[in-house]
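Just below sit the structures, each encoded as C-alpha cells.
First chain A sits with chain B, and in the next complex the same chain sits with chain C.
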Partner chain A sequence: MSAWRRLHVKVRRAHGLFTSRRVTEQYTWMYGPSTLGQNLSTGKPLRNDFFKELEAQLAAMRKKAADALPGSSWSPFDINPNLPPERADIVIIGGGVMGWSIAYWLKQKERVREGVKVIVVERDLTYSQASTVLSAGGIRQQFSLPENIHLSLASADFMRNINEHLGVLNEDPVDLQFNQSGYLFLASEEVAHIMEENYSTQRQVGAKVTLLSPTQLKEKFPWINTDGVALASYGLENEGWFDPWSLLNAFRRKAMSMGVIQCCGEVTDFKYTVQMPKGLEYQMVECAIVVNAAGAFSGKLAEMLGISSNPKDTIAGTPVPVEPRKRYIYVVHCPDGPGLDTPFLIDYSGMYFRREGLGGNYITGASPKEADEPDTSNLEVDHQFFEDSVWPRLAYRVPAFEKLKVTSAWAGFYDYNTFDQNGIIGDHPVINNMYFATGFSGHGLQQSPAAGRAVAELILDGNFKTLDMRGLGFRRIMAQEPILERNIL
Partner chain B sequence: MLKILIPTLLLIPTSWLAKAKWLWPTTLLHSFIITLFSLAWLKNTTETNWSTLNPYMATDPLSSPLLTLTCCLLPLMILASQNHLAQDPLVRQRIYITLLVTLQLSLIMAFAATELTMFYVMFETSLIPTLILITRWGNQMERLNAGTYFLFYTLASSLPLLITLLAFQNKTGTLSLLIIQLLGPIPISPYVNIIWWTTSLLAFLVKMPLYGVHLWLPKAHVEAPIAGSMILAAVLLKLGGYGMMRLMLILSPLAKELCYPFIILALWGVLMTSSICLGQTDLKSLIAYSSVSHMGLVAAAILIQTPWGLTGALILMIAHGLTSSALFCLANTNYERTHTRTMILTRGSQMILPLMATWWLITCLANLALPPLPNLMGELIIISALLGWSWWTIIFTGAGALITATYSLYMYLMTQRGPVPNHMISMNPSHSREHLLLTLHLLPLLLLVFKPTTIWGSAY
Partner chain C sequence: MLLSWRGQLRRKGIMRKNAYYDFTQRLYGSDIAAAFYILSLKGGFRFVGQSDWFRADQRGKFNWDFLNHKDTPLEEVDMSYTVINYRGLDNLEGQQSLRTLALRGCPEVDDWFLARLHVFEDSLEELDISHCPRITTGGLAALRNLKGLRRLDLSSLPGISSPGLVVILLEEMLPQCQIIATGYDYSIKQHGGEEEVQR
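Presenting the complex of A and B:
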C-alpha cells in the first residue's frame, strides 16, 4: 500500500527519473515496552529503504519509457485485469484469516516453486463484514476438546515466532501486538467440576493453565468481586489477545509474495468448476480443488452445490451446518478500572471483557441466550443489550466498572456451527474436491495458523501430518455425533 | 498416393455433412481406413528406393515410416479429442476435425514431396492449423503467448530457408530430391558457404528443436489441446528431422566442420532438458521437455551424417513419436478427471485406475528406452554412431540416458504411487475409448520390436 502511495506521489512531483527523499527522524522498531506498533503518521514511511525504492523507481522508469515510445498500449490479453485466471489448481473461497492461512501453508508446503496455482477469492476487500477483523482477537488453550487445545497451542507458537514464518524480505516486520495476559475463566459451584476436568485435559495436552481458588484469585486480582466464584482457571502462557488485522495482512502479504493470486469477486455458481462474477462480468475458473473458508457465509455457499435438494437423512443430503450469528462488542472507558495485568476474563454468566490498549479502555460483551439471538441481516449494534445484559454482570464482577462510559461498539458475525459449535476441517463426503475450514464459532481466528496448516496437509499430503484433526471432520456431522465443548462462550 | 490423399481430402466434407450423432464414429472409421491403406507404403521393393512415384510426390524408406505415422495419428487424435469436445457446439466440433484433416493433408504432402519447394510450402502450411488449434482450443490465457512463440520461431527461421532454396534452384536448375541426391558438391564462395549451411538447416533445427531455440516447445505443448499436443510431439517435430536429412545431401563437404557447434548444442541440450524435467511440477511440461531431450539426440545423429546415425535417428523419431503421443494421451486422461496438471495434486492413481497404471508403466518404460522396444534401438545406434564420431560424446549421451531413466521413473512414481489425495477418490473410471487409444499407440511400438527394418530407412 505505502509503496503504491509513494509512486503516486512521485508521479506528481517528479522532475526527472529519480527523485530525492526527505530524510526523516529517528524511529525505533525494536520491540520496546512502550512501542505502540502502529505508525501514527499517514505520510511517508519513516525509513529509507533503497531496495523498496528501487522497485518503485524502476517501475516508474518503465512506465515513463512506455508512454514516451510510439505505439498504443492496447494488448489483446487483459480485458479486465481484475478477473481471476481461467484456471487454477486450488481456489480458496473467502479471504479472511482462515483463507489466507490456508493459502500461505499451501505455498509453504509445495516442494518446488510454483508447484500449485492458488487463488483466493474475496468478495469484499474492505472486509467490512468479515468476522476476522471484527473479532475480539483472543487466543486461549482453555478448551475441553484436545483437538481445540492442540490447534490453539500450535497457533500460539506460530504467532510467537511470526516473523520467522511470515516475514517478507525488505518489508516491515510483522507486529501482532500479542498481549500474553492470559484468559481467566470463572466457574460457579455447579460447573466447577467441569472446569477441573477441563484443567486436567489441558495440562495433559500441554497447555500452561493453573487453577485458582477464590482467595488466590482475590490476591492476584484485587479488583475482582469473587462472590459466586468457586474456581478460576488462569492461563499463564500462550494466552491473551492480538491484532487480527495484522495477522490477516501478514498472511496475505506473505502468501502473495509466494505467488498466490488474490481476486475480488463472489462465487455464484459451481458448474463442475467455480464461477465468479464481478458486477456483471463473470469468469469461469476451472480448478481441481475448492476450499470453503467463507466463514459465516459458508453454509450459503455450500447450498449452491445443491446439497439441500437431496433427502435430509442421506449422506449426500448432509447440509453444512454453518450460519452467521451476530455478536456485539462494546468498547468502554473506565479510568479506575483494573490495571495492566488484566487477563481476558470470562464469567460463568457469559459475560467477558479484556483490556484494550493502555488508556483505560476495555472491550466487553456477552453471549446472548439461544432464544434472543439478534437478527443477522445487518451489523447494527443494539446498545440496549449492553444496558440490560452486559453492564449489570460486568459491574457485579468488577465493582470498578460501575462507573464507565461506552465509547464505541461494533458487531460481527460468528461462523456459528449449529451442530456442535466446533470447527469443521476436512473434505466433504460426497463432493470430493471441496474442503472445508469453517464453523469455528468464535474461535476461528485463534486457530487459523494451525487449521490452515492442517488443511494444507490434507490437500498436499493426503492426510494430517503434524496434528490429527480427523475428529473435526465431516464424519461427525454425517454420523450425527456432536463433539460439544463444555463451557463455551 | 492419390488413394490416400483423396480420401483424406474428402474427410472434410464428411465432417461437415455427417449427422451429429455419427460425426465422431464416422470420421474415426474413415481415418482408420486411410491408415490401413497407408500401411502399404511401408513395403519398399524398388532399387532406387523411390516408390509410388508421380511427378510431384513419392515415398522412399526415409519418408514412408513418417507418412504411416502421420496417417496413423489422425484416428488417434480424433479418438482422444472426442471427450473434451463433447460439450462444444456442433459447428465447433466440425471445425476442429476439419483443422485436424487439413493438418494431416499438409503433413502427408510435406513428407511425400519430391520437390523441395513443395516441401517448404507444406512445411509452412502445417503451421496454420496448428496455430489455430493452440490458440482457439487451448485452456489458458497463456495460449496466446504460446501460439505467438510457436509461429514466429518457425517463421523467422524458415524465411532464410526459402531464400536458400531459391538460390539453389538458380544455381543448379533443380530442386527435385531425386536429382539433387546425385549432384556433387556445389561450388560456392567460402564465406557464403557458412551462411548457406546455416540458413538451410536453421528452420529444421528450430523445429526439432535444438536446445538453444527450443523455447517454443514447452509453451506450445502445454497450452495445446490433446490433439494438438499429440500431433506436435509425434509428427511436427519429425518434420524438422526429415528436412535436415534431406537437405544435408546438398550440403555435404561443408558438414564436416560446420556441424560441430550444433552437435555440441544438441548433446548439451539432452543433458540440460533432462535435468529440467526432474524439477517440473506440470505433467505436460515434463513430457514436453522430455521430447526436447530425445530430439536432441536425433539432431546430433543427423548432423554427423553417418549411415548408422541416420538409421538411428529415424528409428528414434518413429518410436519417440508413438511414445510421446501416448504420454500426452495419458496426461490428458488425468487432466480430464482432476482438472489440474500439477503432479503433486494427482498422485496415487494406481489405486484408483489400475489398468491405466499398466499403460503408464509401459509408456514410461518405453520413454526410458527399455529393451527390446525400438526406443532403445534408436538410442543405442545413435550413441554408437556418436561414439564413432568422438569418444567424448559418451559423457553426454551416457549421462543423458541416466537422467532420462530417472525422470521417466519419477513421472511414473509421482502420478501412480504415493498417497491418494482425498479429492481423487471418486473419479470416473477409465473409458474403453481411452484403453483403445493407448493400445493403438503401444501396439505398433510392440510390433516394431519384431520387424525394425520397416523403420530403418534408406541407409540400411
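Presenting the complex of A and C:
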C-alpha cells in the first residue's frame, strides 16, 4: 500500500515541473494532514522564472536589434530621455486642441504605417494658460462666412461620431458631455437685416437655424425680456456646448496611441531646424515641416522667424497678426434662473451666458470694447468688469438675474487675429514649410476637428480635399483683404 | 487588430441598415420608403386612418400589404429594440403627422438623435426613450423643441446621474407633458454623510 503511494508521489512530482504550483495544494488536500506535501515545491519556482525571464530577454534582444538598425534614434550617450528626438518629419508647436487635432489627422491620413514621424511640442503640460481648457466650450453654426459654417458643421459631425474616430481599444469611450441646447442670438433693429442675411447663408450651407420674432421668443423663453430685440436666431441642431478638456484628452490619447511623440519644451529658435530648450538643455530637432498651432502666442513665435527684420511692405515682412487678448468668464449662481432649456444666449450688446450643470449655475461674460482691452501679461480676473459691464446687461435681458451671486471666475486668452478675427489656415507664402492653424479669435475649439483635418490634407495631399479653406489662407493678409465676420463675439 | 476589425464591421453593419432608402423613395414615395425602412429594421408602424399595425416578426418577415396604402403618412411608429440611429432618421424626416414614437431599449439612440427629433416638433405627442443606454442629460435638454409633447417616458436611463432633479427640470421645461420615470432609486443615501467625513 505504501509502495503504491510512493509511486504516485513520484509521478506527481514529475508533473509538477511543468505545471503550476497548484498541484502541491491539491496534493496536500488529497493526502490530508500528512507530511508528504511539505517541501516538494522548492524546485518549481526557479523553473517558472526561467521561462518568464526568457521572454523578457528575447524582447530586449529584439529591441536592441531594432535600435542598431539605421533609422532609429538610439545614441550611446543617452543623457536625458525626456528630450525630443533629433529628427522628425513634422513638428507641431502647441499642444492645445488644434495641435493635437492636426497630429491625429496626420496619423489618420498617412497611408503607410509609421509613415510620418510627428512631434507635438507643448511648453506647459499643466495647460495653465492654454486657451483650450479655459474656454466656455460652445459650438455653433451661426456665422456669416460660409467657410466658418462649414468648419463648424464638419466639427459637429466629427463630435457626433467621436467614438468611431477617437475610440481607443481597451480604454473608456470618449464622453464629451455635450449639451444640445443650441445658441440664441438676439439682434436689435439696426443689425436685424444682417441677421436675416446670415440666416439665409447658414440655411444654404446646411445649418439648422430658425428665426424667431419677439413674440415667438417670449413664448418659447418666458424669462427673456424682449425689449429692444427685433429678431432672434436660434439653432435647432448641432449646437450647444461641451467639455474642452475631454476633447483635448481624447485627441491626445488617440494620437499618442497612433505613435505621435509628445515633448515638453519651448521652441526658441528656427535656424534651419527647430531648437528647443528644456531647462538649460537644448535639443536641435531636424524636421521637414513645422506647424504653428501655438494659439495666443503664435505671433510671438512667428517673430522668431525674423519676419520683423524684413521691410514692412514686402511679402516676407508681413507679420502674423495674432496676439493674445484676455477675456473673463464668471460663474454665477441664481436659484430662480432659467431652467434646462437655456440656450447659449448672445446679446447684441456683446454679453453672453449659458447654463452650467443642473444646480442653477450659469457662465457669463462679455466682450470688452476695443479701447478698454485688458492687460495680457497675466490671467488675473477683474471683478469690477463684471459689476460695470456684464451684470447690468445680464439683468436687463433676464430680470431673474438681478439677484445672483458670483461664485467663481477665470480669465483666458483669445488667439485674437487683429486683422479680421478669423482663423488663418494654410502655409506661409515665403517660408514654404511652415503651416499655420491659428488666429481663430474665440472659435478655435469648435472648429478644431475640421481645421485639423484641413491642415493635414494640405500637408499630406498638397491641397484641401474635403473642405475648401483657401479663403482662410495667408494670402488675404498679404493682400490686405480682410474677410470680416459680421456679428462676432 | 482583430478586435478593432470586429468593432468596425459591427458599425458598418449598423450604418448599412440605417442608410437612406433613396431608391425606394424615388419609386414609391417617401411614406412607403419610411414604412419599408421601419419594417426592415424589425419595427412596427400604423398609418393615419388605419387601425391595425404593420409589424415585422422575429425573423424579419413582414406582410407586403402596406404597399396598398400609397401616400398615407405614418401616425405611430414603434422602433423599440432596433438599431435605429441618427442617420436612420433621414428616412423618417418627412413624416409631418407622426404622433407616437417608441424607442424603448434602442442601443444606438443617443443625444444627437434626440436633437434631430426637432423635425417632428409640431406633431409629436408621445415619446418613449426608456432603457436607452446612450442618452444623457445633455440630450434631454434637446427635447425643449417638442412643444406638443404630452407623454414622455424616461424610465431606467442609465446615463442620467441625478434622475430626480432631471425629471423636475424637464417638468418645468415642458409644462403640458406627463413624464414617466420609473426604475430609478430615488431614496436618499444613508452612507453619503459618512463618506464625506472620511474624505
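The rule is short, and it goes like this: the second predicted complex is superposed on the first by the 411 of 489 C-alpha atoms of A that agree within 3 Å, B and C clash if a C-alpha of one lies under 4 Å from a C-alpha of the other, contacts with A are read in each partner's own complex, and residues count from 1 in each chain.
Note that a residue touches a chain if its C-beta (ideal position, glycine included) is under 8 Å from a C-beta of that chain, and two chains touch if they have at least 3 such contacts.
All of these numbers come straight from a predicted model, not from anything done at the bench.
Per the definitions stated earlier, placing chain B and chain C onto a shared chain A by superposition produces no clash, and the two fit side by side.
Look at A:V112: by the touch rule set out above, it reaches chain B but stays clear of chain C. Of the two partner chains placed by the overlay, only chain C lies in contact with A:L236; chain B stays clear of it. When the two structures are aligned on the shared chain, A:L460 is found in touch with chain B, with no touch to chain C.
Looking at the shared chain after the overlay, A:Q180 reaches chain C, while chain B stays out of its contact range. Judged by the touch definition given at the top, the superposed model places A:G339 against chain C, while chain B stays out of reach. In the superposition on chain A, A:N432 makes contact with chain B only, while chain C stays out of contact range. When the shared chain is aligned, chain B comes close enough to touch A:P85, but chain C does not. In the superposition on chain A, contact is made by A:L169 with chain C only, not with chain B. More residues of chain A are touched by B (comparison of chain B with chain C).
This overlay, made by fitting chain A, leaves chain B and chain C with a least C-alpha separation of 18 Å.
Listed in rising order, the residues of chain A touching chain B in the complex are 76-77, 85-87, 89-90, 110-112, 114-117, 273, 286-289, 427, 432-433, 435, 458-463.
Those residues of chain C lying in contact with chain A across their complex are 3-4, 7, 11, 86, 111-112, 114-116, 118, 136-142, 144-145, 162, 165-166, 169-170, 172-173.
Chain B makes touch with chain A in their complex at residues 139-141, 144, 279, 281, 338-340, 342, 344-348, 418-426. For chain A in complex with chain C, the residues that touch the partner chain are 160, 164, 167, 169, 175, 177-181, 208, 236-238, 240, 339-341, 358.
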